[in-house]
Amino acid sequence: MAHRVVIVGGGAAGIQTALELKSRGIEPIIVERDIELGGKARGWHKLFPLFTPAKDIIDPLIARLREERIRCFYGQEVTEIASDGVVLRSGERIPGDAVVVATGFTLFDAHRKQEYGYGLYDNVITSVDLERMMNSGRVVLTDGSEPRRIAFLHCVGSRDEKVDQKHCSKVCCITGVKQAIEIKQMFPDADVFNFYMDIRMYGPGYEELYRSAQQDYNIHFIRGRISEAAETINKRIQIKAEDTLTGRPLRMTVDMLVLLVGMSANYENKNLAQSAGIPLAPNGYFRTQDSFLGSVTCEREGIFFAGAATAPKSLADTLAEASLTASAVCNYIKVKYTK
Amino acid sequence: MKRTSWQEYQKDIAADKYYYARSCIRQNFFPGSEKAFLDILSKDLGVDIFDDPLHTSCTGIGYHSDVVPLETIMTVVARQFALMAEAGYENFVSSCITSFGIYNEILNTWEEFPETEERTRKYLKEATGRELVKPRTIAHTSDIMFYHRHEIARRAKHRLINALTGEPLRVVEHIGCHYAKIFPKSGIGGSEFPYVLAGMIESWGGNVVDYPERRHCCGFGFRNYLVQANRGSSIANSHKKLESMSPYKPDFIVANCPGCTMFLDKWQYAIAEMDGTTYGADGKGIPVLTYEEMAGLVLGYDPWELGMQFHQVDVEPLLNKMGIEYEPEAKYLGKGGKYIGRPAPAAVNCEEARHIYEIRR
Amino acid sequence: MRSLNFGYAISHPRAIDMDNNDLRKSRAIIEEMPELQACISCGSCTASCTAGNITNFNFRKLHTSVRRGEYKGAYEELNKCMLCGKCRLVCPRGINTRGLIMLIKRKLGDF
Amino acid sequence: MTFFAPFTIPFIVGSIVMFAIIATKWITWIIQLPKVDRRLMRHNLLTRKTLYAIWEVIRESLLHVRIFRVNPLLGFMHMSLAFGWFLLIVVGWIETTVYLGWQMIPLQGHVFFKYFAPLNGIDTHIHLFDHLMDALLLFVLIGVALAWFKRFRARAMGMRRTTRHRLLDRVALTALWFIFPARLIAESITSAIYGNGGFLTGGIGGWLNNIIHHDILVALYEPSWWIYSSLLGAFFIALPFSRYMHIFTEIPLIFLRQWQLRPTSERKSYDNFEIAACSRCGICIDPCQLQSDLGINDTQSVYYLRDRRYNMLTLKVANNCLMCGRCEAVCPVGINLSTLRLNSRAKRRNIPHEGRYKYFAGIDRSNGSGKIGYFAGCMTTLTPSVQRSMEKIFEAVGDEVWYADKDGGVCCGRPLMLSGETDAARKMVVYNTDLFRRYEITTLITSCPICLRVFKESYRLDGIEVLHHSQYIDRLIADGRLMLDASSEVFTYHDPCELGRGLGIYDEPRNILTTLGSLREPWHNRDNALCCGSSLANTIIDDQQQRRIAERMTTELDATKCHTIVTACPLCNKAISRTAHHPTQDIAEVVARNIHQNC
């Protein structure tokens, strides 16, 4: 009989791990909290840096999962994890020879930065909202008109101790660049401003895309974090920032303000970690053994990680890591059960 | 109102038994307001509030202007607290936003640096022989008014509604910077969108105007105003706010800080004189009220009893709008019907001269 | 209009006002040399600047201001530049800084 | 004989218009010459220089010797057209004079002599002139044929690209192409009717007589002369407005140039002669690296001169030039292309701002003391090892040196001049001159060819010898003051434009390198050396374009399979090391690391 591995989370990380394990003759079981698979990536329109439709990545993954007849539990939340299985909220226990935690991340709630007026002002939206708008094929202001001046604000819920988010979410910079270009493609006459603290272009092709955004798309990058946003009488958004590169305050009114929300650790990580007796990193993500050879394992044998459960990661990094996780699980099972 | 975030920022406000600390500016510029506060609390609401003749200025202006050292102001503040304890109170209420900020700052400093508290305790003992007892709660007087807003609403004789159209009045609320910008948790609703005044306005029937520069400072900023060379910057702040709010056609401004009430009011006159710009309907200015005056009008107090003739911008249009009956002729009559003089007519105080003292002359 | 002398005036805001600044010249400059936008403000140009070695001339800051529509004094400031071209040699983004200086001067000096 | 026929009217009108316009232009230009230039003219008029000029006119305007050097076939084409036509006119004049005696014959009499005196040849036994004129006509026709050929197969003539022309040029060109074939036809028909003519016209005439009915030939007789005359007239009228203005303008230009007139950084009337003397042969297109490396083909000297002549010069064209001097080196007319380009840049507002560079006052970043001054130059501060090597060399020979700009000084002013701000650059010239004078140096050494050029050309440094560091080092070696260790190291040397073509300094660096090891020349070298692309003169091309030029050039340097690429300009150094596969060093660095230890 094949060995069985329980994968907590049916997002990109979970699916890819499952597929990799299956191809190595191990039987994976996915437990997904949501009623469908695919995780957050389902909500994305196109992926940086090549504008690949997110569907083209996620749909084939799910289709393969079905083809492979991999068992999935839907709408089931895992409350406890151990190296030999997980416990669901219903109290049911799913045993396994190893457990992979692929629980991903939580989007930062932009309401928490109330000075930006998300949820208060009509035309303040998040990067996730914008992806949804682009998925629907229509990016408009609430009154139905086209935006002519759009501001993107980087690092909302990242590198901000005031909302307990000390870490960098890694993907927002490139997302901001990608979305700014998409906006510019949709509205070539619009003025697009990106307000940033630092531009961190860590991946292949990212810096090139950034440069293209600047030079080819004439997107204005202003170094300075917006301090506050306010709504004007005609529903535009007045923003204030410091243009730190000229050392002067800067104010302007825009039609739309897009907040590039970061990644937070899941609130539930705390309970899961406690149940398994494993530590969390100070930022609330699961702590791996180290950043090098033990990047998908923890101190407790039999528990593995994949994807953004341990740190903010791009979809590409997540998929790559999932394969690594599968290989680590495989080795573990081989060593443990062939004695 | 869409904003609900204020509910996340709540604080402990005592229901009764307050020790009252006055404000230097308000005593002089809006004496009616402080009196009204005491009257509303003790007479209308029947709560215990003690106005102690022994207490002094907190010396905050001196502190912010670099003439009073930290040790001194700490000792003065410690003395206020000692007086409160001696009088048998533990809920400290400050009428001044600057003082409120000072009290919070010093209490927090004592907490972070206990040695400063010990030192202050020693100085206080040496200087006055009194014992420092820290208050159980500390609140600004607007917090108290906010706390009792529903009770006041129940007793309301007038609501913040345009008596002619039945529409709610559009009210600009302005919160003093030191209310919650120093310690966000010290204010109802936090630092970004304090709810303390908005709560009163909404419970008394008015609409809060949310305009872009709502959170901006009025420009008082001690050293900005006190040094003449910096006054241009001071007035520019008020100017920015007035420019930003005026498209919303507010019926009046209400503020909870002595400086803000004074400057949003008086700068309207200065701006009119400097570059001819006037705000408000017919260019007669936007009246600026204290929250006590607002509460007083709601409760049916006489505007002149509330001291509203002390304002630079005439309040009569607002009173008419609210349907409040008042004696126009009594505006500049003091105690016992004595004429107290009147300001020269200007762009923002241009009510018709049909006052009895004109006739007497 | 009346004007009473109080001994002070309403200060002009120090903020860059992107709503009221006239961005036409800035747009024309960027249109002619879009590579200006590729600046990442590393400061190499200013650090290596021959004129900046002797004066407070700061090309990075200056062109950033110009892009924001702040032209006041920019032409005069640019006149400090000796056009030696060191900045172009060090620019990591390969911006044609000399060409830009001449372009900005031309646009702001109306010639 | 009246020497008049209606068909001559186009010719007569054409030539009158042409000579009137040309005369007006020249006279205006001469009158507008600045005083200095007119004084030079007066001064040199009656000297040997005038004789040289005449000799040069023959060599260049008629024989086109310089074009022969570029490509013999191209030279022959130009010569056959110019010299052939010239001889046709001269010999035609002799012919009429011989036949009609010394008398006043109007111009058309000479030109259409065959028409007016078709039977003249029969009178004499020898058809000498008929054959001679036919031979000359054939000579010209070969030139025309080559011109046609060149249009379609430029490469065969040694030109990869030819000029794109304007409408009036095309009119003139078309007329020119058909003038001589038309003449051949007209004269052949005439010969056919009269049964005479030389070997060519007579031959064709005889053949025509055989295949075409006599009446038809008679009917074609007048129209053929009409066509010939009309083509001449059209060509003459178009000439002053087209590139063919060069035919006549090159002559006064040669005289003026022999009389030492030169263009300057200020525009002046003299420029018109140079501009109009451009034949738009297009020889300048191929050497232009903007063309060969970047495919830019609207800014080469030929187009620049054309645009300037017709007042349609854009700033972009004026500025889009490396001023490497490669075109100037091959220009058959010897036009001062860089100087002209420079003074059209100066057209931009060039009034120095009142307070401009006031900050120079009181600045002195120099240190050290000595009669020898060393001016590193702005760029050298980005290649500090050059400066350090120079210090090492100075130390080795024990020269006391005053360093003008060790901590960064004031720019030499050439970059500003290259951008057309010559007046503003004067402030730098004045500042630096004062500085040099104050420290009483007698020798000024610089490591930057850009600075060197401006010191030599625009500074008045009488009493101070200005040297490039390669010249200084070469002299040290020659005087035996600097001993170097020779090795088997193989060098290749890149000639910086400003140093080589700009100042003619080719040998000193090579002397040094052959002392140190062996030298391999890249394919393009000396006055044909390629530019590194980083030239300060160009403010139009972008970074990637600069890089492409550098890369192509560096490929040639790498191809020598040397150990070390050597150059003598900090700017070239930066450009080469960007893509080179071999280590790149300044000549000073190479010298400094090979100083003999016991020296």
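Note that the chains are named A, B, C and D in the order they appear, and that numbering of residues resets to 1 at the start of each chain.
As a working rule, a residue touches a chain if its C-beta (ideal position, glycine included) is under 8 Å from a C-beta of that chain, and two chains touch if they have at least 3 such contacts.
Since we're looking at a predicted model, the values are computed, not measured.
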item: Among all chain pairs, the one with the most C-beta contacts; value: C-D
item: Centroid comparison with chain B (C-alpha atoms), farthest chain; value: D
item: Centre-to-centre distance between chain D and chain C (centres being mean Cα positions), rounded to whole Å; value: 39
item: Centroid distance [mean C-alpha coordinates] between chain D and chain B, Å; value: 84
item: Distance from the mean Cα position of chain D to that of chain A, given in whole angstrom; value: 64
item: For chain C, residues that touch 2 or more chains besides their own; value: 13, 35, 93
item: Pairs of chains, among all present, that meet the touch criterion; value: A-B, A-C, B-C, C-D
item: Chain B to chain C touching residues, read off their complex; value: 228-229, 231-233, 235-236, 239-240, 270-276
item: Of all residues in chain C, those that touch chain A in their complex; value: 13-19, 30, 34-35, 37-41, 60-61, 64-65, 67-68, 70, 93
item: Chain D residues touching chain C - in the complex, by the definition given at the top; value: 315, 319, 348-349, 353, 355-357, 359-360, 363, 365, 378-379, 381-382, 407-411, 413, 415-416, 419, 421, 424, 428, 534, 536, 539-544, 547, 571, 574
item: Chain B-touching residues of chain A, taken from the complex the two chains share; value: 111, 114-115, 119-120, 228, 230-233, 238
item: Contacting residues of chain A [partner chain C, same complex]; value: 199, 211, 214-216, 218-221, 223, 240, 243, 245-253
